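Below is one structure, written out as structure tokens; the observations come after it.
As written, the chains take the letters A, B, C, D and E, and residue 1 is the first residue of each chain.
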Amino acid sequence: MNRIGHVALLVVLALLPLFSGEYYVNLGSQMLIAVIFASSLNLLVGYAGLTSLGHAVYLGLSAYIAACLALRFGMGHALAAPITLLATTLVGGVFGWIALRASGLSFLMLTLALSQVVWGLGYRWTSVTNGDNGLSGLTRPSPFGIDMENSNAYYWFVLLITAVVLWIVARLVRSPFGASLRGTRDQERRMSSLGYNVWGIRWCAFVTASFLGAVAGLLYVYFHKYVHPSVLSVTASAEVLLSVIAGGAGTLAGPAVGAVLVVLLKNYASGYIERWNMLLGGVFVFIVLVMPNGIAPGVQSLWRRLAEKKQ
Amino acid sequence: MQFWITQTLNSLALGGLLLLLSSGFALIFGLMRIANLTHGALFMTGAYVAASMVRAGWGFALAVTLAAITTAVVGGLIERLVLRRLSGNAQAQVLATLGLSFIAADACLVIWGGDPIPVTPPAFLLAPARLLDFSFPSYRLAVILAAVVVGALLYWLIERTRVGARIRAGVDDMQMARAVGIRASVLFTSVFCLGAMLAGVGGAIGGPMLSAYPGLDGDMLSLALIVVILGGVGSLLGTLVASFIIGFIYTFGTALVPDLAYVILFLPMIIVLAFRPSGLFGGARA
Amino acid sequence: APSLTWGQSVDEPLRVGLLTAKTGPLASGGLDMERGLLSYLAEHDQRIGGRRIQLIVSDTGGVPSNARTKMQELVEREKAQVLMGPLAAFEALAVDDYVRGKQIPIFPVAAAEDMTQRKVNQWLFRASSTSAQCAHPLADYCVKKLKYKRMILIADDIAYGHEMTAGFQRVFDQAGGKVVQKLFPPLTAPDYGTFLAQLNPEADAIFLGFAGSNGFRFIRQFNEYGLRGKQALVGGMTALDEAVLRNMGDEALGIVTVNWYSAELSNPINSRFVGAFRKAYSYDPGFYAACTHVSASVLDAALAPIKGKVFDKEALRKALRKTEVLTARGPVKFDEYGNVVGSVYIRRVERKEGRLVNSIIDTYPDVSQFWTYDPKKFLSEPVYSRDWPPAKNLGA
Amino acid sequence: MATEALSVNNLEICYGQSRAVNQLSLTLEEGCVLALLGRNGAGKSTSLNTFAGLLQSRRGTIKVFGRQVERLSPEAIARGGVRLVPQGRRIFPSLTVLENLQVAEQQVAGRSNSWNLGRVYATFGRLKERMRQRAGTLSGGEQQMLAIGRALMGNPRILLMDEPSEGLAPMIVAEVAQAIKTLKADRLSIVLVEQNFNLALDVADQVVVLNTGSVVCAGSAASVRAQPDLATRHLGVF
Amino acid sequence: MTTALEVRGLRKSFGGIAVTQDISLTMQPGERRLIIGPNGAGKTTLFGLIGGEIRADGGTITVFGQDVTKLPMRSRARYGMSRTYQIITLFPKDTLAHNVVLGLLALMPLRNNTMVDLARRPNLHDRAVQLLATVGLGDRALHRVCDVSYGEQRRVELALALAQQPRLLLLDEPLAGLSQDERQLVKKLIEDMPRETAILMIEHDMDIALEFADKITVLHYGRVIVEGDRRTVVEDPKTREIYLGH
């Protein structure tokens, strides 16, 4: 899609709250947060070829840090937000350093294990995290005096950030750095012998992904005003991984589409269909059988074939 | 003293259970390199089927058999209808098999409800065994035995009959494997069925220890992943050994440092993988 | 004057939203919550407080972040005017601030202590109990009637387990008993063998603070290890719920548990409820089913004086606060924190007509969440947790 | 009359929309060597892979000893006695040398002088030394030997060799040439794709030259040897 | 003048088998050196050691006066070294042009840029196509690597190494798999490389390779057994016995 298309889409999305009820606006905010989160993971899974099964750590950790700063230290949002992002990204740096000792399945397992450790901490370190009861009693920030407790205002805020994040990701993957990232995915050996710092490139991607995950985490905690260790669980990590794959890893639109789909099925369709888990599973299987590379690439090639036929 | 003996037996029993759980996974995921995340669901199905059979009075042996058959058939169908088309595309496999396990888990919920269902062990194993001055469940001793038998049989099958080499050839280069005359299609389906069947057997045999309950699939899947990867993907011996190692780590870890109960499996894992990314016994072939 | 705004008329059906878990690990209890409520509606001609009821059921899957979305769905899209559920403490906490903001009465099943103690939400009415509300009398019973001196407490390693054991320990220790060991197996423990091997053999009895399938698995394994008969088992509120019992065998016989309900309660409301429920679903209602049933009774009673006008929120809240009503669990009223004051029963598992039931062997009437303690003092202390109150006799 | 081991008629092979081989016809008689020559990208490997069943032809027939095989699966063709030494070796890297040979083993009843581990090791001594090593860590030339050995382990009646001399030291090339002659004497039929022109002309009975997917020249090896300009024209030799 | 490459006492063994034993080798800038030896003699391993893919058990490697023995692969590339692989090691799903672009980028500061759009840098692409044309693949630039024939892929290997404008070029059997025409083309290409580039080549095609070499080193079981100019080596009976065979 071209630039005009993107702007048009943005405008349409921005106008949504004027036409729909509060429920849909809130659902929209959640989708956008999921889109950011999935896009951040896509950097790793799609472009770096590193399948992480522990990405929920960054969302969860950032949510927890923000919540703790607010509840335990009474810190204001203006200060807490940057500290949260920084701290989470630092953790991402350390975890990346550990996990990137391996690649492939061991990388997957290391990310999983690291996330499980943080999850265990969330459950067990009750004096800080309040354990299973989670942390509640949080507030949303109000930048420039705009009241974000209002669903519409919050939606616009999230939309703005989503647009910025997607723009950053789009730039990144088209840049030389993006090309070398894909290179490390496809032929690590050759990349090193050409003189690229494979480890460094991966680590940078990892840190960027954890930073963007932390952004999603902040938005998440502002939205829910509550955190529970379940945001750190494998299930949460698996869910975002599934949205990336279902939408199409390694494409820009894919993770967004996947994330929207998963949120829709989980939160919307489940209101109408009691067996929504079956539906969700069925949809995944269907996607795989029809479009093994995910929705976005699948639709794209379908489109191309139709266009060819017309000619 | 009794603490140490009981905990050692506990470790062995848990290790045996893990072996039964992960041997099938070692075949499908380790050897065939198919990311079959329905493994937990198959295990759970095995447990539920066995529970129903035992409850209906069919006897434990028959229940295990039926669980084995059911999961083997289901596994075969999954391989033929879905995974066959996705060979080599690990991400698609993950998506498809997780999708299938969502379906399976929900189906189990519909059929068997949300309550845990016990599996009664065979009558002769009901009474605890007396060892010296304390007692230990005789069923668990039987599980250790069953695990050793299954492990040995499997090891023999894979390492001695060249089945393993043929599968690995297919994984390395499917086209070439077929071009040297390996009937890869039949072979892969059979081994997949065997793996699925082992999951079902594991579920049926593990049933009396774990009971069948919703969520069993997820719990077991992550354990199987841990075992296989810690042992070294592709190394059957690694899986067999890792099962027991984890049995010990878990049992003694939770008893001696309860504060670490949540991370007791993952800390050693991080250490091992950080220094040996291909697992304890991997590497030679990974 | 009749208002034009939607939902402001008593002629329209009252929209009741039930937030429950019909999938995921909590599904068993979640389904019972729905069934209990449906039973109530069936018994009362689909009416509560004289108004027809439109029930909207929403499934959280037992995930806290879903709970909020689902709550929004109930409130914003389905325009629910009264809420029931959710099941788990973390779900209730996840929606807590939202409910406060929307000012809608909610009847949770979740037992988290602080929701009716230090962080009171004036729109919340808990007709079930807090985590420790039933554990207090059980501890009392263990010391005074069962004459246990040394006990082991074992519970799920979640807030519910911590709060329940903390309450038990407090009363037990103060009454002269000694809690000699506390074990908290992780919720995800695949096997309890390792914990069974640690049990202090010197203790008289073991208190089980499990929920759902865990207690069930623990008891089975306890028997397998040949420990049955060596040490007595007593169970907390959810350890041997009717839902668990129907899948158990003789291993459960004789175990004493505590709860604010039992399907065996013989009052007319309960007899009718149990009869209908059994007929519809062919098993006994337990904790979760009774919870929504009782909550519905409370709502019913509260709507009578205000003639079903739920839209007058303040009036409704006041009415609820003052409600005193006979329900399936017996007489129910609320303290000023929105928590129930009602009878708590000591029960023993027995076999009746071939099935296992919780027979009532003793009753503690009018039990409040503060037990016999002074509320002000109680509230000035920290909330019950894993480490509070501190256990003084561990290892003794 | 000599039997036709392999007969190919009007074969057309495509990759998606692009056609790689067009109207290929050739006949290989039992016990003969046919050299299939051509520049890079001419379609040699494509043809060979199709004979082995790895690719599907769009049109045309392939007969192996009179039996049509173009719709058979690779394993059926392999079991029918056709084995391929593929280009780029394609040994099974995670298997040991021994396992590579074992998985390809197929004995044919009643054949004297059949190929087995011992005979392969005797031909390529290097493989015996490296028996327990993972094939992926072998040197390029060793892998090539393994690929040839693996094909021989199947005791084929038709052997398809795609640049077997690639990466082999001159001495080993000579040994391969010798081996091909021995195989010929054992009545094996061979299709040989080679860039090593001398080797090809040394062992071949027939020559087919491909250019951009079509046959541009076919004839007996003797006639090609007699006409050096032919080779220059089509292959750029000398 | 510093040497282009100096290898001293290089040793490497895999699981007890010594693959290179005490290899020493000196190359001057601009030198053209051929390495021959039977299969499995350790030639590729030597390249792996020099390139940094394999860690040596002992010995030193100096590139243009810089001791690189302990440096990782990528840093060695920065000293002007580049190599081709005997077993094709390319980016199979990318176009030939993109493969070469990655090679071009590798030593430019631009490679770390995260903001410019690579597609808006047509000069990079053009240079890649030009390079491909020099190895006879100009018309294939937009094909994916996995869609071209083996001989063509082998030439991409070469193009990729050339993209780095190396001062020290390691070629592992660059002629293998090429048809006769292309062999001549590549031979000419190598001969026409800037005179100061030192080239170390492994090759089994003696007809062509011998013409190219200033000096030849013969390896056998990981040892240098003969070294010298073309004549001495070819006529040495040991070379004939273990390698040439006639």
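Just so it is clear, contacts are C-beta pairs under 8 Å (C-beta built on N, C-alpha and C of every residue); 3 or more make two chains touch, one makes a residue touch a chain.
Computed from a predicted model, the values in this text were never measured in an experiment.
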Partner chains shared by chain C and chain E (touch criterion as defined above): A
Chain located farthest away, centre of chain B as origin (C-alpha): E
Centroid comparison with chain D (C-alpha atoms), farthest chain: C
Whole-Å separation of chain centres (CA-atom averages), chain B against chain C: 36
Averaged-CA centre spacing for the pair chain E and chain B, given as whole angstrom: 48
Where chain A and chain D are represented by their mean Cα positions, the distance between them in whole Å: 52
Inter-chain centre distance, chain A versus chain B - centres from mean C-alpha coordinates, in Å: 32
Residues within chain A bordering two or more other chains: 123-124, 235, 277
Touch relationships between chains, expressed as pairs: A-B, A-C, A-E, B-C, B-D, D-E
For the chain D and chain E complex, residues of the former touching the latter: 15, 38-42, 45, 87-89, 126, 130, 137-145, 163, 166-174, 195, 197, 235-237
Residue ranges of chain C touching chain B (in the complex, touch as defined): 23-31, 157, 183-186, 188-191, 193-195, 197-198, 212-213, 216-217, 220-221, 224-226, 243-244, 246-249
Residue ranges of chain B in contact with chain A within the complex: 82, 85-86, 89-92, 94-96, 98-107, 110, 218, 222, 225-226, 229, 233, 259-263, 265-267, 269-270, 273-275, 277-279
Interfacial residue positions of chain E with respect to chain D in the complex: 14, 36-41, 43-45, 86-88, 147-152, 155, 173, 176-184, 204, 206, 242-246
In the complex, chain C residues that touch chain A: 22-23, 58-59, 61, 63-66, 68-70, 72-73, 76-77, 89-90, 93-94, 96-98, 112, 114, 119, 157-160, 162, 186, 385-386
